[in-house]
Structure formats: C-alpha cells, structure tokens
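Listed next: structures, encoded as structure tokens.
Look at the two complexes coming up: subunit A is in both, with subunit B in one and subunit C in the other.
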Partner chain A sequence: MRIFPGGKTLKEAIRKAESRTAYLCLIPSIIGLVFITYLPLLSVFILGFFKFGKGAPTPVFVGLENYIRLFTSDPYFLDSIRVTVYFSVLAVIGSLIYSLFLAMLLNRKIPARGFFRAVFYLPYVLPAMAVYIGWSWLYESNFGLFNFILSSFGLDKVRFIADSHLVVPSLAVISVWLSGNLIVIFLAGLQNVPRVYHDAAEIDGANGWQRFRHVTIPCMTPIIFYNLLMALITNMQIVIPAIALTNGGPGNASCFLTYLMYRYAFISNQLGYACSISFVFFIIIAVFTAILFATSKSWIFYEGDAN
Partner chain B sequence: MRENAAGFRGPSIRSRKRQEKIGNSATLIILILLGALVLLPIWWMFRSSLMTNAELYAYPPKFLPGRWLFGNYVSTMDYFPFWKYFKNTMTIIVPSVLGGTVTATLAGYAFARLKFRGKKFLFTLCVGSMLLPTMVTLVPLYILWTRGLHVVDSYLPLIFPHFCGGGAFNIFLIRQFVRTIPRELDEAATIDGAGHFRILVSIIIPSIKSAMIVVALLLFIMLWNDLLQQIIYINSLDKFTIALGLAQFKGSLGTDWTKIMCATCMSFVPGVIFYLIGQKYFVEGIVMTGMKN
Partner chain C sequence: MKKKRLLALLLCVMMVPCLMAGGSKEAGQAENGRVKIIYSFWGTPDEGAAVQGVADKFNASQDRIDVEIMAIPHDNYITKLNTMATARELPDCGIMSEAAVLQFAENGLLYDVSKMYDAGESKPLESLTFKYQGNPVAYSTANEILLLYYNKDMFDAAGVEYPPVNAEDAWTWDEFVETAKLLTLDARGNNAKSPNFDPNTVVQYGCMVENLTWQLEVWCLSNGSGFYNENGSKVTINDPASMEALQKIADLHLVHHVAPLSAGLTDDGVQRSLIAGTCAMTTNGQWNIGTCLASARDEGLNYGVAVLPYMKEVVTINTGGPNVVFSQTKHAAEAMEWIKWYSREENSWGLIETGIWMPILEKWYTDEEFTRKWAGNPNFPPYDEYKSAVVDFAVDYARPASWYYVNNTVDFNALLGSLLGEVWTGNKTAKEAITGSYDALVAAYNGNG
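Our next item is the complex of A and B:
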C-alpha cells in the first residue's frame, strides 16, 4: 500500500480530498447561514432587550421594557396579531383549495394543458408592486371592475380595500390569485401518485369522488403539508400591500404584524423595539410550524417504499 | 374500499371511455371559465391603459377601448423612465441570479455527492433556514449594513446575500437533481483520473442544466418581487428600480389611472417574457425534484 505525505493511506487521502472539496463548495452557503440567517436571528433576540435608534444612538440595555410596552401599552400590537392570523387563515385555506382544485383539473388529459398551466401561473411572475397597484384600480370604489360586476347583479357598491371589514378578505383574494406556484407543486405531486392505486380502486368499483378521497388525498398529504407550511410562512409575512396601498388602514384593519415592525423600524426609527416585534413574530411562526409538524404524523401518509 | 367490491359492476370499456370524454370536456369548460376569470384582472388593467380618461370613467364600462391609444405608453414614459428603472432592476437581478445559481449548485452538489464531517448538521441548518421567515432578520441585517458597514443607498445589500447559497430551497432542488445522476458516471470519471471539480464541471453540471435554469428562474421571480429590501436599502431616485419607481409614480399621480395602468402594464412585461422563455424547464424541474423526501 502506498503511503501518502503525512503517513496516510490512499483511502484516507481520498477522503480528505473529498471533504476539502465539500467545504470549498459550501463556503458561500456557510457564510450565508451564519451571517444572513442564524446570527441575525440571535441578534433579533438580543436587540429586543435594547433601546436603539430614536433617542439612543448606541444600544442601551433596557431589559424587558420593550416586551412590557408591547403587551401592555402598544395600541396596535394585539390587533396586528389578530389581523395577521385572520389574513393568513383566509389566504392559506383559499390558496390551497384553489391550487389543489386547479392542479387536479390540469392533471387530466386535456388539450392545451401547457397553455392553461401558463395562464394560472402567470400572476405569480408579475411584480408585486404592480399587482397591488393594478388590483387597487379593480377594487376602486366608484369605477372599479368589481363594483361594476356587483352593481350589474343589482348589489350595492362596496369599498373593498377602503372598508375596514373588507380590506383583509380583499387582500386575501389577491393572495389566492397569486398562488400559481402552489399549482405547479401540486401538479408535480399528482403526477407522482402511482397509477396502479387508481386502477386498483377503479376495479374495486370506486367512483371518482371515492378515488379522490381515498387515493389522491392520502398520496398527496406530504405535498399538501409542504404547501401548507410554505403558504403559511409566506402569508404570515404579508407586508407589501400594507406599504403600497393601505398604510395599515383603514383604521388599523390591515396593520399586519410585519407592517407594524416595518413602521417602527424604518419610519419611526425604533430599531430595538422593532426587534422585539420581530422576535414575537418569530415565536408565533415557530409555534404554528411546531403545531403543524406535531399533528402531521397523524394525517400524513408515507408510502412504504418512500425513502 | 373493500365494501365497494360487492357493488362491482364492471363498466364496459366503451362506457368508461365515454365517461372520461365527458369528464374531460367538463374539465375543459371549467378551465376556460376559471382561466378567463384569472386573466380578467390583467386584461382590465391593460384595457384601462389604452383608454382616454373619459372612456375610463364611462358607465357602463367597456371591455374594449374604443380606440387603442398606444400613445398613452409614450406619454407615460415622459414621467415614468421605464428603461432607466429597468436597467437599475437588472443591475440587481443579473448578478444575484448568477451568484445564487452558482453557489446553490456548489452546495447542492456537495450535499448530494460528497462525504464530509458535519454534513448532516449543515444540511439540517440549511433546511431549517427554509422555515425562518426573511422578515424576522430584516431589522438586524439592516442595522448590520447601514450602521455596521456604513453601506447606504447601495445595491450591495440586495445582491450580496444571493452569493451565499441562493436559498435553501434551491440548494435542496439541486441536491435532488444531482442524486438522480448515476454514480457510475462519477466512478468512471474518477478511474480516468478526474478530481471532484472536474466531475462537477464535466458530468454533473451538463446533466443538471435544466435544474439550474429552474433555480435561476425561481431566483429571478423572487428578486423581481423583492420590493421590501429595495424600499429599505435604496433612497435616491437615480437608483430606483421598476417597483420603487412605480410606487413613487402612483404616489405622485394619485388618480390618473390611465397613466398608472400604463406603467403597471409596462412593468408586467419583463417577468412574463422571462417566464415564457423558461417555462418548459420549469414544470419539468419541479416534477423531477419529487417533493416526497
């Protein structure tokens, strides 16, 4: 056996070269994980205990003051949690049903499938700012498209995003419209459902609904879980429409948690306080994620042969 | 499903085929209706951009403009310097997409093929970062760039992060793709004396080209939508992107909806073009990742 420099065998030398290549390949990602993801997360936690920004050019330790202010005297905070959760529930449920339904339709043998897929995906590739400005014109109180549709059915005009009861559902509709990416992922999942299961069920006399309920849905649960998780994380972070269109209004009806954080950090320059909000936001997402993962075992079906 | 076996009637092949035909026609009709509904908002914005203001506020509104006033676009450009904004946007997007695609490929390859200490730990950290909302780290990163590194009104904070792995999802996607390439190819190349980088460049990258295009497209769309970072890091008008320009244009015009819709529709165009170019790779790519694991 040849001995390499440092008294190593060939096998060891190869292994060493392999891990050196691996670390070289991973340097950018490691820098990213450390400096852009996990250290900032740690600093959110730490800065939450500091006053920083307006009235404190360098960070001043204030203990739990930020959190006490948040939960006892902040006029917007609790409302903003309610609004964020309300919006997320509407948007997540809406976009999952919408995209699963469309994926099922697109999975059939129909002409021009590629064209239809492109149509439903299209909203997702439009720039967010333009989408919200465009929709604000459709939602316009007097001359907007939707009010025209309503009035042609003899219904009263509504003010959509200018109405404190309707602003959140109206924005959730835009979110559903934008969820074309979920369709593609569902479609990928549907194409992985083994054909034999459907055939077997059909031979057993199962009708379309029964096949959907007992074959498609169980096989799709891992993908439903993935989409649910990703849609939840995306929609909880909703902030652009609040910045671009509503400024959190009317009243505080669209003052999402992330928008509140944005306002404190970048408009009133209370960076430490904004970090305490970020941290609470992180905890909320973590709790939702943990609940999803904890319950997932009971409803996700893993095929025996999946590795 | 067993209880249904009793009711087994064994539909003839012909009636099954007919049933399927009816089902497909119904599907097609639903798709056409829903597709029209999904496109309606975009059509409405476009048709509004081609109208006179009088036509715009007419009641009942018309689905087609009386005359297609493409001149609206020319006059909008006087106030909305689309090409300048487009150039600025591309200055951010092009390097970011390149950086993200390359670093995601490197990382995905390492996770898929190479053995090294701490692999499991790093991979867990990586997947874990997928669950961490970017909003959470927004403020500390802003502090780091503007207070710590004194980088103000620059594209650097928008571009740099994409040179750091291109996002966990993309790394994961590349990894899944690399795993589908038979290891025998690598081994054959090793016997021929090729090193790991040689294998990466001459075997892996050619076979995962479509995955890399998917990653580039996903990054493109993400950056195209990444308004928030632009708002907080860019201040001067000269450096405005399309999204920022649009926001400022809307703010200054208020209710001149014809011009606002012109600007809106203009900013739709690049994304749509890029999507149409890359579309065929897109679905193929996501299908192949086999989201199961």
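Our next item is the complex of A and C:
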C-alpha cells in the first residue's frame, strides 16, 4: 500500500481532498446561514433578556423580567397565543380540505380545465394587501356586499371582522381562499397516485368514496403531510390582515403573535420585550412542528415501505 | 491543526461583512469653515432628495451652516434612531412622530428648544409646543385640528339647517343627535325619527364620529374630563364623565341607529363616510381638506365645514408632527436655526396651499392678510366658513392632544383602542371595559404596558 505524506493511505488522502472541496463550496451558504439565520436568532434570544428601546436608550440587562411580564401582566400575550392557534387550526384544516377537494375536481377531465386551474391558483399570486382590502369591502358591516345580500333577503346584518367572535373565522376564510399553492401541490400528488390501484379497487367493487378513502388518501399522505406543515407554519405567522384591517382588534380578537411582536418592536419601541415574544413564538412553532413529525410515522404511507 | 486553520480562515471570511458594516463617519465636522449638520427624515431616498433640495436653498442662503439630509425608511425610523442613540451617533436634528417626542425626551435625547424663537418674533401657537417637565422640547411643523364635515346636498334634501360655523353657536350633543336622526334614512325613505324606521335597511346615516382612539380624547375633554388630568400627571379615563362621553359615541350606532358601526381601527373615516356618500356628517382632522376632500369635490361632493358639537365644553384638539434637535448634537444653535428656517410656512407652501397642513405661526391666524393668503384659494371651502369653523376655532378652542405633554400614549391608546373594540359592538359598556382594565391602562401610562 502506498503511503502518502503525513502517513495517510490513498483513500484517506482522497477523502481529505474531497472534504476540503466540500467545505470550500459550503462556505457561501454557511456564511448566509450564520449571518442571516443563526446570528439574528442568537441575538433575539440574548436581547430577550434586556430592556432596550423605550425607557432604556442603551440595553439594560433585566434577566427573566421580560418573560415574567409576558406570562403574568401583559394584557395581550395570552389572548394572542389563543387567537393565533385558533386561527391556525381553522385556516390549516380549512385550506387542506378546500384545496384537496378542488384539486380532485381539477384532476378530472372537465372542459376548460386549464382555465379553472388558473382561476383557483390566481388568489395566491395576487398582492396580499390588495386581497385583504378587497375582502374588507365584502365584509364591511354596514354597506358591504355580503351584508347587502343578507339584508336584501330580510336577514340581520353580520358584523364579520368588526365582531370579536367572528373576526378570526372571517380572516380564516380569506386564508383558505388564498391557498392556491396547496392546490397545485395536491394536483401533482394526485397525478402520481398509481392508476392500477384504482383499477384494482374498481374491479373489487369499491365505490367512489371507498376508493377515495382507501386508495387516494393513503397514497397522498406524504403530500398531505408536507402541505399540512407548510400551511401550519405560514398561518401561524399571519400578520397582514392585522396590520391592514383590524389593528389586532376588536378587543384582542385578532392580535396575532407576529402582529403583537411587530407592534411592540416598531410602534411601541420595546425591542427587548419584542425579542422575548419572538423567542416564545419560535418555541411554539417548534413544538407544533415536532408534534407533527412525531405523529407522522403513524399515519404516513410511503410506497414500498414495509409498514 | 489544519482543521483549526480552516476554521480560522472561515472566521476571517465571516468578519469581512462585519467590518464593512461597522464603518462610520464622524458627523458635525466643519468643512470650509462651515458647520455641517445632519437632519434625519423618514422616507425613501427620492423623498430625501426632495428635502435635500430645500436644504440646499438654506445652504445657499447663508455661509455658516451646511445641512445634509439622512433619509431613513419610515417603518424603521424610530428603531434606527434608537440604535444610533445607543452608539451616540444620533444626527443633529430630525423629524419625529408626535407620540415619540416625550419618549425621546424622557430618555434625555432631546434638546431644550425654548430659545429657538426670540421674544419679538411671531411664535408657533402655544398649543403646538411639546413640553417635558414644563420645558419646550419641540414645536410642531404643522397644525391640525378636528372639525365637523358635512354633505350640504344631504342637508338640503332633508330640509335641515347646516351645522354652525361659529363656536359660540356650536350644537349641544343632543342637538347633534337629533339632527343626525333627521338625516338617517332607511330603504323606504323613513328617517330615524319615524315610527316606521327600519335600522336594518339604512341607506344613509346621519353621522359618523371618528373613533380612532387618539381622536376620542376630544369627547372626554368636551364632557369636562379627559384621558388624563390637565397636566398629564394622572389617568382620568375612568372618570364617570370620560366613560359617559365614550358611551355616547357608541350609542350613536347602538341606541340611536344614526351612525354606522365603525371599529375605530382604520384611518379612512372620511373616505368611508362622507366621500362614499354613506353619512351626512363626519368628524375628522383638517388635513382631509387637502388629502381627499378637494378631489372629492371635483367629482361632485358638495361638502362644508363646521365646528364640533359639544357635551359640556366647546373644544377641539390639535396635533402636528414636530422637528426636534437631539441632545447629542455639538451644534444645537445651528440645528435650531435650520429647523426654524425649515419650519417657515414658505418652505411647506405646497402642503399649506392645498389644505393638508395648517400654518404654525400665530400671524397666519390673527392677521387677516396672511389668513387670506393661506385659505382664500379654491382648494378650500368658502373662505368665511373656513375662517370661522377652522381658523378661529383653532386659535380659541384648540387644546393640544395629550402626546404634547404625556409619555407612552402609543401604548395607552393601543390598549384603550383594544378595550373599546367590545364597546362599539355593544358587547360591553364603556364603564365595564374601562373599569375592568383600569390597572392595565395605568401600567401602560407608566411605561409598563
């Protein structure tokens, strides 16, 4: 066996050279990750222990005070967690059902299929601010289109986003309507469900529902999982309607965590405190994601998987 | 060994952007014997360039001071200033939001501007002075007051007399509500006084009193109380008179059915009411004359201006964003000179002429010649109407909004606005909402909210 300088074998030397190249190629993305993700994350975590901004032009270390205030005396925070989770549950479940249903319709051989696919994808590419302002006119409590229709049938007006009980469901409907990207991913998934399974089930006498339940759904579970995860993360971070339409109100009914963070940081100028919210929020999303991953093994079916 | 070297190399590469970001320049150095001062401004680089154009005129007008504009995006403005303050790199002077003035003053970052105007000069109106512990720390660059706007065609159609333009004749609250009833019409044309009136099919409301939180202060003052006591040392929003005033606003919709439901969350009240043609009267700031009503009039809206109705005292509130001199500056006198020059009406004439800003110096209000120059143009409602309902009203009845002398109004107003959300829809009374969270409101006022 030939020994290379440093007492290494050929194999070791090649590995060394390869790993050096790998490190070199990784440098740009490592720099990006470190500066754009890890360092900010670390500084958010550290700043969460400081009072900085209003009342403290230079950062003052306050230990756990920010976190204690969050969970004991903050008039918004607990409501904020509640409405964020409530909104996410409604919006995620709603958009998964809506987009799977639409994807199945759009997967059939219907006339003008391309047109309809474009129509349902369109909301996703519209500017979000314009979408929310447009919807706010539909929802308007006094003269909005929905109320005009209701009152022309002699029904009482509904307050939609002006009512603290209805604002979250109303905003969740918009979020569902906006979920065109999920439809596209579901469509791609549906086209990969092997035709042969459907044929076999059909020969066995399975009806449409049974085929959906026992063939389509199991084959789609990896896609459903991906969409579920993406929809959860996106909807947890909801902020635009709170900024554009509701200012977190009425009451605290739409004071989503991201909005609360924004308000403390950039309107109230309490940067340290906002960082502590941000960190708690990070933990909450991490916990939800971990739960999803932990349960995923029991319900996701991978083709070729022995289980 | 090699691993360590690689790591060191990696760290060196990572440090480059840090070093590049850390470069700073020294502000305030003298150039050609002239003092250089930096004025921070919120806006895009293009807007910054426009302000630099004005500054260049100032630079050319004398040979001692050079003003350079630093444009900072609006959303990050306060955050950025805060960071600069920490690094002791604040500009010499800059524009500031109303609500942040007292916060910066309390942090010791603002310079006392009491010497900006000499004894003999025309000064800004007294109500336009931001005060911290009794000392002036800034003057507004513009003036704005709240007033009543109305649609003359709707009044004519209902055969109702126009609202008063003289503060001495201002409507009482009950007169205001009664008039609003005559102007509220359902789908069959019944007004709110008719026994056949159906509140569920209203096609035109009599009024919409703007319920953005900061504007609500005027009604608490009008009812003899306020958000705070007179010198701002105590929260009085839980006074029965304050809570009654807020309830009266909510009752316009809930009890009298003369106003649409408004959640007080978006700043487009005039557009939603008067311009959309859904309400006969609305209250809001003077700036609307320039920002939206002039163009609405071109499209056929026949509107007029009047003084606010009152509960116990005739009053309006005024506000206006200021320019400040930062205490870290080494050139306070020069900075004040620039701000004083920059705040002159001539330099903001475009905004004043179109009705967006009102002047700040007293002479524009008290000297008829100046007043005519300002308001005697077609962008404004008829001169006599405007002179009485806006100019005189501003001089004789305007009191400064509380952020001129109270800190933490941002947090206080945010919390109050959130509490009142349940009051507008009738889920809670004003009394329940406020007394239930009074401690939290006081905490917000004290800076712990």
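Definition applied: the second predicted complex is superposed on the first by the 273 of 307 C-alpha atoms of A that agree within 3 Å, B and C clash if a C-alpha of one lies under 4 Å from a C-alpha of the other, contacts with A are read in each partner's own complex, and residues count from 1 in each chain.
We take it that a contact is a pair of C-beta atoms (placed from the backbone, for glycine too) under 8 Å apart; a residue touches a chain by one contact, two chains touch by 3 or more.
The model shown is predicted, which means the values in this text are computed figures rather than measured ones.
Looking at the shared chain after the overlay, A:78 reaches neither subunit B nor subunit C.
When the shared chain is aligned, subunit B comes close enough to touch A:205, but subunit C does not.
When the two complexes are overlaid on their common chain A, residue A:141 makes contact with subunit C while staying clear of subunit B.
After superposition on the shared chain, subunit A has more residues touched by B, the comparison being subunit B against subunit C. By the touch criterion stated above, A:163 is placed in contact with subunit C alone, subunit B being left untouched.
Of the two partner chains placed by superposition, only subunit B is touched by A:261; subunit C is not. Once the two complexes are overlaid on the shared chain, A:287 sits clear of subunit B and of subunit C alike. In the overlay built on the shared chain, the residue A:29 is in contact with subunit B alone; subunit C does not reach it. In the superposed pair of complexes, A:17 makes contact with subunit B only, with no contact to subunit C.
By the touch criterion defined above, A:44 reaches subunit B but does not reach subunit C. On subunit A, the surface touched by subunit B in one complex and the surface touched by subunit C in the other have residues 23, 30-31, 35, 52, 143, 265-266, 271 in common.
Residue ranges of subunit C in contact with subunit A, taken from their complex: 6, 10, 13-14, 17, 75-76, 78-79, 82, 85-86, 100, 103, 106-109, 200-202, 205, 260-266, 276, 278, 408, 410-411, 414-415, 417-419, 421-422, 424-425, 427, 437, 440, 443-444, 447-449.
Contacts from subunit A toward subunit B in the complex involve residues 15, 17-19, 21-23, 25-26, 28-33, 35-41, 43-44, 47, 52, 102, 105-106, 108-111, 114, 116-130, 133-135, 137-138, 140, 143, 145, 148, 152, 177, 184-185, 187-189, 191-192, 201, 203-206, 208, 210, 214, 222-223, 226, 229, 233, 236-237, 239-240, 243-244, 258, 261-262, 265-266, 271, 274-275, 278-279, 281-282, 285, 289, 303, 306-307.
Interface residues of subunit A, counted against subunit C in their complex, comprise 20, 23, 27, 30-31, 34-35, 52-59, 69, 73, 75-76, 141-143, 151, 156-157, 159, 161-164, 245-253, 255, 263, 265-269, 271.
For subunit B in complex with subunit A, the touching residues are 1-2, 4-5, 7-9, 23-24, 27-28, 30-31, 34-35, 38-42, 44-45, 48, 56-57, 59-61, 103, 106-107, 109-110, 114-117, 119, 122, 125-126, 129, 131-144, 161, 163-165, 171, 195-197, 200, 221, 224-225, 227-228, 231-232, 242-244, 246-247, 250, 257, 260-261, 263-265, 267-268, 271-272, 274-276, 279, 282-283, 286-287, 289-293.
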